[in-house]
Amino acid sequence: MSALLRVSDLTVEYDTLGGALRAVDGVSFTIAPGETVAIVGESGSGKSSIAHALLRLIPRASGRIAGGRIEFAGEDLAALPEHAMRRVRGARIGMIFQDPMMALNPVYTIGRQIAEPLLLHGSVPVRRAMDRVVELLTLVGVPAPEERIRQYPHNLSGGMRQRVMIAMALASGPRLLIADEPTTALDVTVQAQVLALVDELKARLGMAVLLITHDLAVVSEVAARVVVMYAGRKVEEGPVNEVFADPAHPYTRGLLAASDWSGDPRERLREIPGTVPALAELPEGCSFWPRCPDAEPRCRAARPAELASGARRASCVHAERIWRPS
Amino acid sequence: MMKTVLGVLSVGLAAALGATAAAQTPVRGGSLTYTYHPEPTAMSTVSTTAVPVALVATKIYDSLLEWEGAEMKPVPGLAASWTRSDDGRTWTFKLRDGVKWHDGQPFTSADVKFSVENIAKAYHSRGRAHFGDVEAVETPDKSTVVFRLKAPVPYFIKAFQPTETPMLPVHKFAGVDLASAAAVRQAEVITRAPVGTGPFKLKEWQRGSHIILERNPDYWREGRPYLDQIILRVLPDGAARAIAFEKGEVDLAPQSALPEAELQRLGKLPGVVTSSAGTEALGPNLWLEVNLREPPLSDVRVRRAISMALDRSRIIDVIWYGYGKPGIGPIVSSDPNFFNKALKPYAYDPKKAGELLDEAGYKRGSDGVRFRITQNVLPYGENWTRLGEYVKQELSKLGIAVDTRSADLAGWLKTVYTDYNFHITSTFQHNYSDPTIGIERSYHSANIRPGAAFQNSMGYKNARVDQLFDLSKRELDPAKRKAQFDELQQIIHDEQPVIYLLEMQYVHLFHKRVHGLISNGISMYSNWANVWKEK
Amino acid sequence: MTVQVASGVVSLWHRFRRNRAAVLGLAIMALIVLAAAFGPLLYPVDPFDMLGRPSTVPSQRFPLGTDVSGRDILAGLLHGARVSLLIGIAASLAATLVGLVVGALAGYFGGWLDAVLMRTTDFFLTIPSFVLAVLIVAIFQPSVLIITASIAVVSWPSVARLARAEFVSHQGRDYVDACRAMGMSNAEIMLRQILPNALPPVIVIASLMVATAILTESGLSFLGLGDPNIISWGYMIGVGRTVLRTAWWMSAIPGVTILITVLAINLVGEGLNEALNPRMRQR
Amino acid sequence: MTSRLSYVALRALQVIPAVLAIAVLNFILLHMAPGDAADVIAGLSGHASAEMTAELRRSFGLDQPLIVQFFVYIGRLLTLDLGISLIQSRPVVELIAERMGATLILMLTAIGVAVGIGLLLGILAALRHRSWTDTALSVLALVVYATPQFWLGLMLIVFFSITLDIFPSGGMRTIGAEFGPIHSVLDVARHLVLPAGTLGLFYVALYTRLMRTSMLDIMTLDYITTARAKGMSELRIAFTHAARNALLPIVTLLGVQVGHLLGGSILVETVFGWPGLGRLVLDALLQRDLVLLLGILFISSVVVVLTNLLVDVIYGLLDPRLARK
């Protein structure tokens, strides 16, 4: 199967007072056309940085893609000149963000904001733009779209705003939709609606979705495959049902246990003992060992290699008995 | 130092003579631009005789007579002729026929009577001095005015100078409450819409920017004025005025309108005339006013010591850039009629000054200080501030510690002339063309009146001086009157109730293309009907 | 406690040091302060003494030349530094104190006190500030004290507004409630708990105010509203102004001095801003 | 729309106590000063006797008890009668009206140009954050910020008016010249360049700095990332999405600036002989023309307050979130 997106060895660094920090450290994964892949992890695990890196949205002043390739439909986005990159953004890859209130410009009408990508990428003639906006809003289930286009973000409810964001991301018919924690800022009932919408649109429009979330329940509902991130590194990857049924990495196990135990998928994963280490103070060896119930001396000695078994990957020495190095 | 001053003077005179006596024929037309600051606050000298008002008002409003030469000889103007009775108590003026106000109304004896009785006598600051003895003003016909005086007034004729008694149109005062100073001051013809008989009338006044006067086509003197326009440019900053003059944007900077610092440089430019001629009837006299009520200063030896401690030539050279002469006494040396030539300035002699103070019992303390005084500074700008700094410096060397106090004009006037709350202050006064008008106010004990600005603030009392003033006020014989003033000057010079520092010199700067500016002792206040400009 | 403060200052210095412009500003400031403090001792020339010929160019005897009255310009500059700095710092201190008190009371207690204090503050902001300063100086007669007071009077409202905003934002926070629960008095909470947190932005604005105060003083002096017994930079510009054409340096020297001083203070202020402002720190 | 109108009306009503308070403060301040207009008039006339000064004081009502003067003053103010200038003997309203135009032209030009240029430079600096351009602009802004205005004015005169001789050194128009309407405007414009430049340069610096900071703040916000994710260029984002939001905090400052500007114009009008209110206020102050001074301060506070009102309205237009409040 030829991948729509092939990320290999992606490394993202941020400049800080103490020097460069690796927010994403050698992460690789792929997404096939029409596939939904989820990236999960606690806050600070680097998952959002991946999303931003894919579209090269990391502010130049503060950080950069320090290595790796981002092959999208055969082009390496990481090496593309800025003007060519702009033709990818919003046209071939759409993105929706965590907080629709913050992600919408408060001083412009939503009609204008949705129309922007259309006009930018020349998908429709100017005089047709507003008709297309109305169509898009209808598509994402916004009632009375003709009125909505003249309203401002603060006039809408949270769920409606996120629908607007989705409409905006879909405007130019992208082949990949990156959804960066799209439901975190919404309340529970709305979350379900928005996810259902994304799922439905995916099927209808035949696009791939990269879902960034910390919510395992969401993952199990919509994603086919999952990538688990910890402290900037990929610790496990595989089909959702397999990973969730039999996690190979103690961290994944911890995540699952925590979310099961709490029963509230929105609850932050604080039940794993300890906290995510600051990137500047990563321990030697496996980043997870200080919190790992199964930690052994060799975990501290060296970074574990990635092991593979079928479609599954994991970076933990404990998987060695059954898995082979990938 | 004297050389500089003389040099400037001779250049000025020569230029002035050249300008008036040149065989060139006057040309009609053109406009003359002058600059001055501050802006006039009124259009008539009745409400104030401040320089900016006098400069512009005298072109619009004439008085009865015109004046020639530095000695100010009266010649016919609105009055074609006049006679004085032998006892000096009756003056009869014959008015010129056919003179019209700017609004076309005829000028008559009723206007003269009104201008003197109702306005000048009541509201002009020197009105009481000039007309206090007028018993009656009679107007037997439209062109005759007779003044009847209680007693002879030797300087009576001088009241008819343009700044003193401007002729105002009685018909424009209908409805004005003549009993109220404020109402008179607010009359339209005084504040903003002047109607005079002068050679120029007001065309445009943009506040803060400029005033344009234009030719009065109905002016009574045939063929005058030569100029089409007189323009005043108001430029608040001295440097800006200098630049405007240098660039030729203005033709004339009258009466020290430019900072002295710039005068020498600009005066050397080709085609520029520097002149101090034409100010003889003003005679500005600069001094330190001393509060004689305050103990160390009440001692004449202390005042003499201070007078000796100040280097007049340095003040002239460094602070006034060479413009001026050492101050001598109450009447300035440029006065052609009344100056007592026997007097000399106090010589700069700090050593002797110190001895005088020792002798008076004011010895230096352990800190070198003999006593402390305060000094107020006339808030008229930078030169005065620097004079204050110089006085402070020089007196501190002598052992007198000086604390300088600064205030704006209102505060200064109140402190000095109402509260008498000062030790020394700088100030200056004009001699004018007659000492009774010019100097009596400062030395006669009758003028120790709180609230009377620029009068006897020192609290100076000398019975003989009072008597001499009273006598000279009625003395019709010029020689006797001169003798009275000579004695008076000698007494005051000895007693130094004020420390005479400098006879200021007003300097006019103008481009050579302008002619006829210097005509009498108050040239800038004459009506400029004869001024003309080369094309 | 003292250790904490000391380490706070040290870390502040570390953050501050990274801004090279700010360090340069601080160095210049230090030089000016030294010149003001010791200059007149090392160069004991009376700035009012008419020692030389007027308007001479710089020479060995007069390193910066003489002014229109033959006074030593260098002496004026050194003595003027004292006045400018004294007035600038004193006025800013006074304004900061008043502004802090008003802002703290208004922000902490809220209610009618807040309303009254803030309306008063707004009211002062409505009057053109330089006009008010001119007015006060003219009315009470110029002296160092009055000039300082007039600048403080027109400067405090901006501090008050800022301090109020800080106190309002801290007032609602958990730690303040906790302190209250512990039985701390209002004064203690305001002084010991909130003030240290609210201080950084106030310090920044106060440092910049010194610069504005120096400029205001020079403006007043230029208009002839300076203290006649002392020499200041603004006064020197005023003196030099009349001879702009023949001796431009006479007003340029004090002008540039004011410029450099104000520039240095601004650089330090910006450096402080970056070092103290947590939001800026992240960037 | 009605709600906005009533909001404006409400704000306008709130202005009244502020303006009254200003009037009271000014009255008290001015009467604390030594000396009065009668002293000045008497002083300027050179020879006034004590009687004459007293007569002047009486006819101006300055001899009345302070409290009486105060109520007379407030009473007149309530009927919007600003009285008659003591020194110039003309209605204060007339005197102010004559000067208002010049000051407004000067202020509006200065602030307009300053805002325009300052905002552009601020955006530029923010776009080129941490580049050579950014540093140069910041340093330049700081230098201008630190330059005494009156001194800058003098230096500009020396350079542009004397050395290069391309602009007049002072005044508002060529006096006595008979120009057509277009020429007149050009003539005023020529005279305006240096004073407006002097007054405006400071604000260029100020707005460059403010806009830069504001832009840098805004450029980190999520909706800017959204715009980038749409494929917009940085320049386009800066001018559409960022600039309008960055303007908001700056607009609120504009209101405060007007008062500041009026103060600054005193110095600039002095240096350039610009016939505006700034000079009038200084002259009135020095001549103790209380009536005129109170009138000017009253009018200027009204202007400041009205400007703040206008700023509120503009803010409402720029920020739709406020429209419904």
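By letter and in written order, the chains are A, B, C and D; residue numbering begins at 1 in each of them.
Operating definition for what follows: contacts are C-beta pairs under 8 Å (C-beta built on N, C-alpha and C of every residue); 3 or more make two chains touch, one makes a residue touch a chain.
Because the structure is predicted, anything quoted here is derived from the model rather than measured.
Student: With contacts counted as defined, which of the two, B-D or A-D, has more C-beta pairs across the interface?
Tutor: Between the chain pairs B-D and A-D, B-D carries more contacts.
Student: Among the chains, which is located farthest from chain D on the basis of C-alpha centroids?
Tutor: Farthest by centroid: A.
Student: Please report how many Å separate the Cα centroid of chain B from that of chain D, as a whole number.
Tutor: Computed from C-alpha means, the inter-chain centre distance equals 39 Å.
Student: Counting only Cα atoms for the centres, state how far chain A is from chain D in Å.
Tutor: That pair's centroid distance is 53 Å.
Student: From the C-alpha centre of chain A to that of chain B, how far is it in Å?
Tutor: 90
Student: Mind checking the centre-to-centre distance between chain C and chain D? Centres are C-alpha means, answer in whole Å.
Tutor: Comparing mean C-alpha positions, chain D is 23 Å from chain C.
Student: Please list all residues of chain C that touch 2 or more other chains.
Tutor: Within chain C, the residues that touch at least two other chains are 138, 141, 241, 244-245, 283.
Student: Would you please write down the residue numbers of chain B that are in contact with two or more other chains?
Tutor: 237, 239, 243, 379, 407-408, 411, in rising order.
Student: At least two other chains touched by the same residue of chain D: list those residues.
Tutor: Residues 33-34, 154, 157, 162, 220, 270, 285-286 of chain D touch two or more partner chains.
Student: Using the touch definition from the top, list the residues of chain D that touch chain A in their complex.
Tutor: Interface residues on chain D, with respect to chain A: 129-130, 219-223, 225-233, 240-241, 244-245, 318-321.
Student: What does chain C use to touch chain D in their complex?
Tutor: 21, 119, 122-123, 125-136, 138-141, 211, 215, 218-219, 222-223, 234, 237, 241, 244-245, 248, 251-252, 255, 258-263, 266-267, 283
Student: Chain D touches which residues of chain A in the complex?
Tutor: It comes out as residues 52, 55, 57, 59, 61, 83, 86-91, 94-95, 97-99, 102-108, 116-117, 120-121, 152, 154, 165, 168-169.
Student: Which residues of chain B touch chain C in the complex?
Tutor: Listed in rising order, the residues of chain B that touch chain C are 237-239, 242-243, 246, 259, 261-262, 265, 314, 318-319, 377, 379, 381-382, 385-386, 388-390, 392-393, 403-408, 411.
Student: For the complex, give me every residue of chain C touching chain B.
Tutor: Chain C residues touching chain B: 46, 48-50, 54, 68-70, 138, 141-142, 224, 226-229, 238-239, 241-246.
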